[in-house]
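The data blocks that follow each hold one structure.
First chain A sits with chain B, and in the next complex the same chain sits with chain C.
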Partner chain A sequence: MSKKRRQVKKSTARRRTTSRKRAISRTAAPSARGALAVATSARQTVRARVAAMADATLAVVDDDQALQSMLAVLRDRKEPIKVRLAALASLQAASFSVVAFESCRTDYTATLRAVMDDPNAELRQRVLGLLMRDKDGAAQKRLIAGLESPAKALVPPEKALQLLGYDPHADAYRLARKIVKDPPNETAKREALRLLGADSSARPVFEKILRDKKEAPEYRRISASALHAIAPDVLQKHAREIVLDSSESEDLQAASLTAIAQFGDADTISGDAELMKRVGRMRSGASTKVKQTAKRLLTKYGQ
Partner chain B sequence: MVVEIQINNSADARSRYLTWAPSACRVRVTDPTGVPAPVVNLRLSGTSTAGGGQVQFRQGSTGTFANSILLNVPTNGTSVSFFATGRFGFPSRSDRDVTIEARRGNTVVGSVQVMVRIRKNANTLTTGERDRLVAAFAQLNNQGTGRFADFRDMHTAVASAQAHGAKGFLPWHRVYILDLERELQNIDPSVSLPYWRFDQAAPNIFTRDFLGVSDNLGTVLFSPTNPLQFWVTDGVQGINRRPFFNTAAAPGGGLLTEAQTIALGTAYPAFRTMEGNPHGSAHVSFGGSISSIPTAARDPLFFLLHCNVDRLWAKWQKQNGRFNPAVAASFDSAAAPIGHNLPDSMWPWNGITGGTRPPTAPGGALAVSPCVSAPGTQPRVQQALDYQGTLNAAAQLGFDYDDVRF
Partner chain C sequence: MTNACSIVPEDDAIDPALSEDQFAVLVDAFAQNSDAGALTSLLRESHAIYDQRSTAAIVRMRGWILLALAQVGLPADAVIFALEELDTGHDGYLVAAAARALRSSDPRAEFAPFLMQAVGNMRYRDEAVAFDAYGAYATAADATTPIRELLITLTWLGPLAGGILPRLVELRAPGSGVSKKLLADLDRAVDAIGRDRVDPPGGRSWGRQPRALRATPGTPHGVPAAGNDCCDWRGSLGDVLRWPFGQRADSDAVRPVQFEDHNGTPISYGEFFTGQPSIVAFFYTRCDNPQKCSLTVAKLARVQRQLAERGLAGQVRTAAITYDPGFDLPSRLLAYGRGRQLVMDGGHRLLRATSGIEPLRRHFGLGVNFVESLVNRHRVEIYVLDAAGRIGASFSRLHWDERNVVDAAAALLRDDTPGPTGSPVVPSPPARLRTASTVLGTLASLGVALFPKCPICWLTYMSALGLSSVLPVPYSPWWEAALLALMTLNLATVWWRGLASGRMAGFHLAAAGAVVIVAMKVGLLSDQAAMPGVLLTLAGSLATVWSARPAVSMPASTSVPGH
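And now, the complex of A and B:
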């Protein structure tokens, strides 16, 4: 489609939706329009503009021109970053008024994509989050590219992995496995494990980490949580063994007891004399969190 | 002599829950042994455990409530009606912490344990209340494939026009959180959905033992004793939530306070602008799932946020007397998409798909309550307004807020 045709189509759609918006949404209160004037005026102080942004939300859902002026603030790299972040928040709040906002969504998404490369890391991160929660293909490609070539990264690897979790798929799993094996930092490994939790073929990875006492308790607990989703019976088996193993860490014992108490099969647990005896001893153990979960389990099973 | 007391006119133990709205109850003699007279004089009163809920009574459908009432009950087994209610300001803390007793003279001839089950400020829950809520949520979510998945699927981009951007926003979300609350109560009947009062500091919510603590990346961390560590939605583990404010304080950032929200206007069209601020502003006071419609319901905090939105509506309704759909100012007569008008049935509970409705209707009918019959399994917008049964006792939805009187 030519650029001119696209513009005509867009303009027609805007006219149509503007009249629809009038029917749906009452005219913005004068206070909202006043707030918008302050929020978008370069003559005002940063503080005043940021303060006005929340009140301007109503004007944004009510008026195309207001929306465009807010998008212009967000796009403009010369604007103070605090004002741009507040403009983004105001647009986000407006986006919750779906019916009224829907006609603006194309422009909104286009602006977010334009800001994806912004020099400001915080703005980049927030915008990428918004796009990924809408499963935006362009944002996803850029995140994958950044994980493959760190020079192209828009955000640190741990953030990229976290954001890819909004729409996990094979490419992301492949990169997450690579990072689990050779992590650039501890948080990236954690986020890679969380992402892999959506991949049912990763069960062996989680079983290995869960039972490896040399792994950090945080990774082991993530593995327990992932197994709960992928193979709940397998988690219950490991959780029982961890509870019975007195050399296990308190965190893992507490997490295992929680998994058993919350999700275990009632008949299996109440009939497991060895487990119940061990949990009975844990009730008077040293760690508060272990005692607490042991007590909870015993109460649930009437002991 | 033995007397049976039925709460919410039911012998079902699951119906023994009260709110601030009057519950229809009845008492009857099941064993008249030792009473030769055709009628026996009984006194009904409530006794509570320390810090427990308190109840009040009245015989008819009007009049004031008292701490006890005298009833003349036939010994032939015929039931006598009365009404019971929670005493405002004295909700229960745990299940069955109030006992309603029937006495003949000084002798207890019948009793029933009840709970004054009220939605409370999440920041002030007891440890027991908090732990029961968290456990029920975790159970509902179970492996991300439990019943919670339906609630997740109800609040997505494709379905958002049913629930947002028009006058049905408040009624739809009232029914949505009621549906969730009833499912939580099917797991643990002592649970009620608490609210996150986002215009006040709520440090007790953002702890590892409750809804978690966010690290710098926005990954929410839980204690090893918290079952929410096993939270899964859409196949993905955990919760992403990055607060843009100090969670020891209120969000700020221009977010309207309770007083400012209620002062938006006395007619519904003005009040419902709260969908932007404070509702939208509260959502975007975080990064992460809760800040976007398609993913907001991945975070259990979402339901506490919406419980507060609903509480603000309830408070506004109470202050302005806006329970009656027939009163213009109670709602909005302007044209609106289907699903937003008073007589419209609400998706997904109506099961209607395609056309102007989303392509699927996850979750099926609305969960039923053993305590109340409204709003039925396929609610309409107008049924969300009279939630306390102020105009019609049969319309009450079976919930109340700790700071909104009947």
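And now, the complex of A and C:
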């Protein structure tokens, strides 16, 4: 870089900093003003800027130019990523002051959309999380496109599923079902099952996994939990069968006993001699966890 | 009934499997041909084009249609869709597009309250929106926003929006929810409206005027009230529809539909929605628009209170049926109703159709669509049913006024909704009267059938009575006439009940029984025809009692505390 260009750059940076400082000094509280000046200054060390970002939150909601300078840091790919992440956290904190932040919201959302495909994975993921909490259509579109075609993915599939779970109307169920059938990794399958937990038509998927002893215990537990939410009667039926099946995992038996004890129909359980006999046996000859849940059930139903 | 509530015809020529990009091309083509009718028909929520799409995709699609209509000019029958977005919409893109589309129609003072309502809905959730390409999302700070579009539309209305000026001025106060950046737009709107302000007749401020746009009680939709200028264009709104008695489609197709209520009690449509008029709203617990389902059920609770205040609580049933029966299990329905102060007992229930929503969707012409099992888009809708479970009135799209709904139910109850082609609605008689009528009617038929034909037969009967130590009774031929009158009266009540419940089979049986008995009495049939005649009468009477049974078979009350 030539000397002249360096000088022009330096003078432009100085002018920007001076203008920011002037803008901040007009309205924001003194501590917030100072913090913002440090946070947005390229001359300061990364550590000092990150530390100042936390105190700059108040300045953002007070003054539009302060907001714009913070948004500029967040958008600028040349800024150190730690500073950009700190700017995002500071803006996010400011957004909690709903009334005061109203004048900033439009620009803030537009900036988040602009940086959702940033090269930095962590920033991308955080921004997508913030947008999806507001059920943002742009973020949703990109996440679904990424699940349909992994080359376009902004985040790993498990994260995309987790974020799409914020909006049950996102048309992610069909993709989740696909992932359950043919998962790219174990975590993605777990997240897909969690997402399907709100889909009332996914009952057969959960019934199949719950009764399949070859499935991982975690998936089977998620399936039991999902069935409790979407078809509690069906879960009670399967829970009974799992308790009666001596070859079932003790972990799942304990979960089934809890489901029966807490949510089962009292008359049906009291009148189920086979079940009560089996639970009676479990009280003495199983793991501590199973013993405890069996005792609880028997106490509740007066045995 | 095919689709009683649709305003525009279905366009079956469009492939529902179009991709979003193909859809955008189609809409652009309609816009180029200035085909506002085709664009309007695409705005129906139940259109197949919205089936199995995400809510976000539907927002993009409907927004693009509204923008296309903004180009070609919003026709009168599409104004309702724009007003609906302003009234209940909570997506910034759609609200902004609706505000823009409205500017392509004729300016009307009645738009102003809807625009103000939308400003209220969008406060604290204003966002940048992009209209330059299909599916575009704004990433720059200079984009327009819903509140900006609403303010521009208010500026366009100018003095016609005079009624909302005080409320608009209040938005200048700090913390009012309008961005400081929009203060210039706000000032422009205030200036434009205040320039030559036109106050509406009869008062300075209209407050929440949209309700005044709707059909006044007793005024059929599309028939403007004399001397009321606001109603001249109301015929195109289509948010209130009324069907006179003779024009109501029967409910036979949905009568077998099985429901489960908030307590898990099974009941069929035929059982719950016949015998008395009913008010039925549609909702689902996972609806994330507070202006739609949550408000609908809360307003239904207010309807219940108004019914009670007017002494109609026991005479009009209320129900809210979920669009999402797979997820809305009884426990969820109960919690949802309790949270909104809804009275829930035998005559007032939250229901889920255990056999699915499809038959109801067809019968009511519901404005709803789905992605998988979940609702992706729906309108606000509430129906008033007559005692035969047929739709007598519907209120949809815009927020309905509780008083108008109660009035519509009371009108059905009072039997004062005569139609040009039909008879009035006949309220069902009370349960005790039904039972007494059946017993008396059958006994009368028996009496007529067995009544002695001459004094000699009478003496024979009496000697039998004398043998059994019963006091002799003098020959009284007038008894036959009295029994015949009773039998005729029974026939009339059976007809009355049949008319009220919409099931005339009972009447036909009883009438056949009466004909057989009379034919036997006049000698056209042998005496052996007497018993079949009596049995036919009994069967007919019982059939009508059975058809109106739910009025006496409600389970025990489970009222929410405080009601």
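Assume the second predicted complex is superposed on the first by the 234 of 303 C-alpha atoms of A that agree within 3 Å, B and C clash if a C-alpha of one lies under 4 Å from a C-alpha of the other, contacts with A are read in each partner's own complex, and residues count from 1 in each chain.
Following the convention adopted for this analysis, a residue touches a chain if its C-beta (ideal position, glycine included) is under 8 Å from a C-beta of that chain, and two chains touch if they have at least 3 such contacts.
Keep in mind it's a predicted model, so treat the numbers as computed, not measured.
Trainee: Which partner chains sit in contact with A:Val180 here, chain B, chain C, both or neither? Use first/second/both/neither.
Mentor: After superposing on A, A:Val180 lies clear of both chain B and chain C.
Trainee: For A:Ala87, is the partner it touches chain B (first), chain C (second), both, or none of the two (neither)?
Mentor: A:Ala87 contacts neither chain B nor chain C.
Trainee: For A:Asp64, select first, second, both or neither according to whether it touches chain B, chain C, the two together, or no partner.
Mentor: second
Trainee: Tell me which partner A:Gln140 touches in the superposition: chain B (first), chain C (second), both or neither.
Mentor: In the superposition, A:Gln140 contacts chain C only.
Trainee: Once chain A of both complexes is superposed, is A:Asp171 in touch with chain B (first), chain C (second), both, or neither?
Mentor: second
Trainee: So, A:Val243: does it touch chain B (first), chain C (second), both, or neither?
Mentor: Neither partner.
Trainee: Counting only touches as set out at the top, which of chain B and chain C does A:Ala110 meet: first, second, both, neither?
Mentor: second
Trainee: Quick check for you: in the superposed arrangement, does A:Pro232 touch first (chain B), second (chain C), both or neither?
Mentor: A:Pro232: touches chain B and chain C.
Trainee: When both complexes are superposed, which of chain B and chain C contacts more residues belonging to chain A?
Mentor: Larger number of chain A residues touched: B.
Trainee: In the overlay, answer first, second, both or neither for which of chain B and chain C A:Ser201 touches.
Mentor: Once the two structures are laid over each other on A, A:Ser201 reaches chain C alone.
Trainee: Need the overlap of the two footprints on chain A, from chain B and from chain C, as residue ranges.
Mentor: 98-99, 102, 135, 168, 198, 232
Trainee: Within the complex, which stretch of chain A touches chain B?
Mentor: Chain A residues touching chain B: 23-26, 29, 51-55, 57-58, 61, 86, 89, 92-102, 125-126, 129-130, 133-135, 158-159, 162, 165-166, 168, 187, 190-191, 194-195, 197-198, 221-222, 224-226, 228-229, 232, 250-252, 254-255, 257-259, 262-263, 289, 292-293, 296.
Trainee: In their shared complex, at which residues does chain A touch chain C?
Mentor: Listed in rising order, the residues are 64, 68, 71, 98-99, 102-103, 105-107, 109-111, 113-114, 135-138, 140-141, 144, 167-174, 198-201, 230, 232.
Trainee: If you look only at chain C, which of its residues touch chain A in the complex?
Mentor: For chain C paired with chain A, touching residues are 52-57, 59-60, 93, 123-128, 135, 137-141, 143, 145, 175, 177-181, 286, 288, 324, 326-327, 329, 371-376.
Trainee: In the complex formed with chain A, which residues of chain B make contact?
Mentor: 131, 135, 138-139, 142-144, 157, 160-161, 164-166, 215, 217-219, 223-227, 229-232, 234-238, 240, 244, 253-255, 269, 273, 275-277, 279-281, 283-284, 287-289, 291-295, 334-337
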